[in-house]
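What follows is a pair of complexes built around chain A, which joins chain B in one and chain C in the other.
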Partner chain A sequence: MRWCPSLMLFGFLAAVNALSSSGNRLLVVLEDAAEKGLYSTLWGDLEARGYNLIFDSPKNEQLSLFELGDRAYDHVLVLPPKSKGFGPSLSPKNLVDFINSDGNVLLALSGKSTTPSAISSLLLEFDIHLPTDRSSIAVDHFNYDTISASEKHDVLVLERPDKLRPDTKDFFGGEGVLAIPSASPHTLGDTSLLAPILRASTTAYSYNPKEDAGSVEDVFATGSQLALVSALQARNSARFTLLGSVESLQDKWFSATVKTPGGKEVKTANQEFAKQLTAWTFKETGVLNVGKIEHHLAKDDLTVEDLNPTIYRVKNETVFSIEISEYAYDKYIPFEVPANDALQLEFTMLSPFHRLNLTPVKQTENSTIFGTQFTVPDQHGIFSFRVNYKRPFLTNIEEKHEVTVRHYAHNEYPRSWKISGGWVWIAGLWSVIGGFLAFVVVWLYSAPTSAEGQRKQTQ
Partner chain B sequence: MAESLVDVLLKGSSGQNTRGLLKVIILVTISAAAVSSRLFSVIRFESIIHEFDPWFNFRATKYLVQNGFYDFWDWFDDRTWHPLGRVTGGTLYPGLMVTSGVIYHILRFLTIPVDIRNICVLLAPGFSGLTALAMYLLTNEMSSSPSAGLLAAAFMGITPGYISRSVAGSYDNEAIAIFLLVFTFFLWIKAVKIGSIMWGALTALFYGYMVSAWGGYVFITNLIPLHVFVLLCMGRYSSRLYISYTTWYALGTLASMQIPFVGFLPIRNSDHMSALGVFGLLQLVAFAEFVRGFIPGKQFQRLLTASIILTAGLAFVGLVVLTMSGVIAPWSGRFYSLWDTGYAKIHIPIIASVSEHQPTAWPSFFFDLNFLIWLFPAGVYMCFRDLKDEHVFVIIYSVLASYFAGVMVRLMLTLTPIVCVAAALVLSYILDTYLKITPGPVTRGNLEVDTSSGLRSARNPEVGITSYFSKAATTSSIIVYLLLFVAHCTWVTSNAYSSPSVVLASRMPDGSQFIIDDYREAYYWLRQNTPANAKIMSWWDYGYQIGGMADRPTLVDNNTWNNTHIATVGKAMSSREEVSYPILRQHDVDYVLVVFGGLLGYSGDDINKFLWMVRIAEGIWPDEVKERDFFTARGEYRVDDQATPTMRNSLMYKMSYHNYNKLFPMGQATDRVRGAKLPAESPQLSTLEEAFTSENWIIRIYKVKDLDNFGRDHSNAVAFDKGNKRKKANKKKGARILRSE
Partner chain C sequence: MAPKRAANAPSAPSSSTSATASTTTLSSGPKALSANSSVSDIAIHVWQQYLTTTPQRTLLLDAFMAFLVLVGGVQFAYCVSAGNYPFNAFLSGFCAAVGQFVLTASLRMQTSSTEGSSGKSSGSKAGKVVSRGESGKEAEGPSHERAFADYIFGSLILHFFCINFIN
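So, the complex of A and B:
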């Protein structure tokens, strides 16, 4: 057992180094090593945040996402390939398996090169649709950068994204504008696992520069239906982010100044956005962790045995609490439910019998304890406490704890004399018994005398 | 010398002692024979609980022994009927479990450590020995002949009609209930004969025990009032009758209401109303008898008629009003199905789907009762000859039980005792007539003084058989019949009724025995390889066995009270995967178990039961599941490539035949039960994956997949895993689907 302490030491070291909540091994798939220099600020940022960057080419035969059936990396950043595809090690099947085993993927595309069909079919599995020609770019004649793309209008200048919905947390917001050069746009299907991070502005449309026609007739999608950056959070909370424009990560655009038609020259916020994007994808933000879950009868003197019983009775008064913390870059902080949202507890058998809002009861240094109290419904069966909290950009909480709800035992009903309605019957019962006894007494003491009297008469 | 010794032994007071001793020895031997003839299955296989229901009783008994009586009383079972659970303590007849629990604790007290399983296995044979004794007592009340009781006991001991439900391992309610039935009837006859409160109270006591043991107590509840009613109609009212019936009814009803499962039924359910009605009638008749002593005849007649009409009318109106208002529950479906054999099939398929609720085929009467069945009418005739109160009882019992036995196979069990009684009456009469070695014609009536009337020849009739030849011929033929009966009983018991049905036995081509143990193999697989809380869905037949052997929660089991829940399982089995999967998810199903006999030719498999699943599901969802869709256009139920699309897409079909063709050379897959050649390619399952298939493919277990990680359909996910490229979903068809947050 000598390896035990060393393993623990290694674990602590890893914990100190890794800022992501799920490991620091980051594979960067880069076909052309010469291009590495174009993104040096990004690599520097990532390394500063504790990632262990491993650069590899998809052409490398030895490259494998798995080692001995286990994940070899925690995160993968895929830059668009120059050639037609990625090769066998990064086939859609492998990437899906990687995500299924809790790996996170950031996939960057570029409008300058044709997206490989393998990628397109992988995205199709996630219900993300690319234009059929796979080489369209997003163009906007109103919100473009007049400095660098005065002719082509293919460098989009966009506000940093706002909250997706009023009830979600904001992980990508902030001051400043983003420059998105030659972005490959996509549209999203209507599934709840997908969420757009950055949409094109309402005047944007998709356009294939290789087609000579001056006008676009059969447009793929327009306006805010075009997503430029999107996120898929799988059911196991593994994250997949699709970035339409790999160029926006380049050093050049981290420090560029852009100017919209009729606007002022401003510096881009691409570096900040890239940080937010990688942090979210590699699980530095938006990660919820469930701590203790406790349920018990509502009573004052609780012992350890009273916690989390497996059986309740109908109409019991029950207390439920759940401890949730949120990971923010380098530490766990108490989780706060967004203003318009609610964390809910369901007490379910086939369908919910109760659906209650969980309110914060207590806050510790790095977690919030939410709780509620309710009466078990008057229905026996196998119920479960369920907390099913799935929100865009937050990892899924799906807790299910089965408990049995039993009926009243025979000695838990009130006794007959405590029920005032039963007094009539009890009185009837006892009066019959008393009457019978009285009759017996009278009979026993009166019968022989009459018999003797008769005998006397006959004599 | 020997002559005189026999004389000493058979005559006088020592002769009585000898007879008594002989009777005891014979009865003990009969009991021993009754017990030992039920041990075939233990010797051939092992000490194992049989069939389906006994597994639940066994599990409940174990719970009782482990947790004590009060916990058993309040037992909420969260491992059946998931997710509803079952208030088991309040919905079972506890008599059987409590009996074995008491035996267990007595043996422990005597420091004899016996495994509770062995007590359960051997309880039924043990009680069958007692039944033989009770039968002796009952028949003795019917006949003055000493041999009748012994014959009846012997018949009861070995007749297959009773053995079918009481072999070792058949740990079912009937195991003790038949003893209680016979003994209660004996006590009742005794009470009527003597008119004593004590015997009436004893009847009530054993009636209460019977109620605690078996739902068939309703038979007693109705038979005794009917007996009383018929006696009243025959003008045989007596204080004996009044005392015994009122004692029995009052105490017996109170006793029966102590069982939680019965509760207030005796005063609220139509099945029990006849007992109450006869109780009331008896009071009226008793009152009328009392009044008759004071009022002269003619006025009394008028008064009587008027009052009878009035009370009968009032009682009837009261009954109708109470039934309409719902105070008295209407007749249950099972009751209707007793009168109209087609009723259950139309209205309650769940009842009709049970094989033991089917009408009896006529050969099974002979199979179960052998020569008793043709002695039976003669015995009933004998009862008409001296029509005492107890003989009326035999006649009523015979008529009712014959009818019921014709309607339902399982009610053969209630017919058997009375057949034994009647046959014993006849046979003892024949033997008494033919077996007595008398030197000359017995003259009867010569001692009587009455010579005032009648013919001279009738005055001094010569009755009896004198010819030794006819005596020998008749006696020997009877003996041959008896021997044949014993041979038949042994053969039937050994071949038909001693299979545990958990373990199947078959013969290899060379004649050696081949044990098929797939059920236990699969149940132990579940026990060893699945989490303790994994929910298993199967058709309800296997619910008790899964609960007992695999110790896993089940969705439905053999306690068929919740038709909707069973129909839900039926729907999941008979629908397409896309429909079934949400049902499976909603009910937290982890594994699905099906029984498939196609490889071995085991005909009791799920595909053969499948139409019942469809029918029961159709009863609840007539729009979604249709029986017609499972038949081909020509009305055939097929599983080969002619099968209807509904059939081939049903979950049950897919689970049964999944990968079955891989056992055979290309295109040669055959189903040996239905003799059908199967389609070349195996059905594709996307929402389930095969987890286990037993050695002979009898049990197949499938694991329900979790939702897809990327929110895809399971069929798409499976296609992706196989490497098929997805076609573009929305290819310019209709309006574009826009996404909005």
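So, the complex of A and C:
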């Protein structure tokens, strides 16, 4: 049981790091310290979940995301700046480096202030596009809050988001509505790493309040093209979330009551959504962890030496199993593959010879063991067991375990009499041999006449 | 009609000579054929002639070769009808029959000529064959014992190979 120490280590790390699966040092970049009070409920929530909040101003010369070449923080929450930009320590390059070294970033924008061009260029690296004027807001004349924005229609009231696709997990759903005030909308490119979390409703459009009414003629984007909250999960599973409306995190909107035109007055679910959003971004949810991986021949009496052999023979019956757990807020739980989706095993040499669905065979307290059984293909060479599971909102699983597949040894073929189809030919061979022996015996007994006759003849 | 007559013309003296030979040497031999016997009569006569004039060893060789043809034919028919799945078994069984046939045929070639001559020793035509055979035997041809030893040696190699090949 070699995975016991690693589980214990995990438990130990979890105890040290409290909640998030990847550390608890959270840098909050906040330009105006006076604004800190506006978000007190959010800070309280985060601290209650075990984060160590470090507030800093982007103008601080000492601020750096890295210390001695290593990450100084595990997560960064960036609030929109009042001034033109963030300064050298939060340049796009630094933020990308931070993500490349497994740091998570939650970037909040606001429609009330113009987004700095540095942020715009950072988002372009991720294929997220802001309106060219960088100060547009999302407006909706049908789904707005009549209490707070009866004139401007810039407080969008939206349902909590549903699943992105039928085959993905739902990390942001729930009851209630969200109030998204003065949101800075964006559109998404075609990258598979990007996934929208919250889109505007079909009647929304992008509008720049600083320009004339004529600018409505050529809008940046409309309807559900406009994403308000989006997520990017890099190839190293680091997470970057863009929140279009920083105001939706304020205490005021956590407990606000909103009313759509013709609707009823309801309380917003912003607090719950903010919890889900920060939890996902800072890797409290949707984190998959691979435990032990085992493969062996399909037989009953297995010893430790039989596990994970380095060599198989063609046509062996082989069993493969992988243990996967999912982190949910404060503990590992058994991972369940979403309906309509499948966790697959590939047995590949250059291209997959087998691609098989892995089915849950066993469930432990905090993990599920998925397994399958298959016959090694009739082809020798260097193969690998591969599990490649990359889904939106779930950290990537890419496992590769190489094994050698050899051909039959000469004494592993079945003997001739084991194959009943060959019995006729075996009988034929032995009847030839038997006939030969009988012939030889009869020949030797029938010798004399001719020899005597010949001898007589010669005499 | 012309070819038939042409065929009949030389056959008549030869049959008479063989008839005289058989009557002189073998008192129990078949009766002579007339010039216009039926086909079945000719066949029966040839068969009787073969049975009576062929030495015992050659008869034995022929019987063994017929047995080999039968075994090989059965194996081939089975391969055609039931498929060749353990192909090595088919190859081995069939080639054993064929190879044994070839070896037996060569043994017959090495032993039957002189034996046939000794069987028809008193015939004038056969007498020539005897003298030629005896002179050839002393000059180059192997003795029957030597031929039989070669035959056994070759057969054992064949059997060894086939048994190993059939696994």
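As a working rule, the second predicted complex is superposed on the first by the 395 of 459 C-alpha atoms of A that agree within 3 Å, B and C clash if a C-alpha of one lies under 4 Å from a C-alpha of the other, contacts with A are read in each partner's own complex, and residues count from 1 in each chain.
Just so it is clear, contacts are C-beta pairs under 8 Å (C-beta built on N, C-alpha and C of every residue); 3 or more make two chains touch, one makes a residue touch a chain.
Keep in mind that what you see is a predicted model, and the values were worked out from it rather than measured.
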| item | value |
| --- | --- |
| First, second, both or neither for A:Arg406, with chain B first and chain C second | first |
| Contacts of A:Leu350 with chain B and chain C, given as first, second, both or neither | first |
| Partner chain(s) touched by A:Ser446 [first = chain B, second = chain C, both, neither] | second |
| Touched partner set for A:Arg165, first chain B, second chain C, both or neither | first |
| Contacts of A:Thr187 with chain B and chain C, given as first, second, both or neither | first |
| Contacts of A:Trp425 with chain B and chain C, given as first, second, both or neither | second |
| Chain B - residues contacting chain A, complex | 70, 73-74, 76, 78, 82-85, 87, 90, 260, 533, 553, 586-587, 706-712, 716, 720-721, 723, 725-726, 728-729, 736-739, 741 |
| Of chain C, residues touching chain A in the complex | 55-57, 60, 64, 67-68, 71-72, 74-75, 78-79, 82-83, 85-86, 88-90, 92-94, 96-97, 100, 104, 114-115, 118-119, 121, 130, 134, 144, 148, 152, 155, 159, 162-163, 166-167 |
| Parts of chain A lying in touch with chain C, wherever the complex brings them together | 413, 415-416, 419, 421-422, 424-429, 431-433, 435-436, 439-440, 442-443, 446-447, 449-451, 453-454, 457-458 |
| Residues of chain A touching chain B in the complex | 92-93, 96, 99-100, 121, 124-127, 129, 132, 164-165, 187-193, 195-196, 221, 225, 232, 234-236, 238, 311, 349-350, 380-383, 402, 404-407, 409-411 |
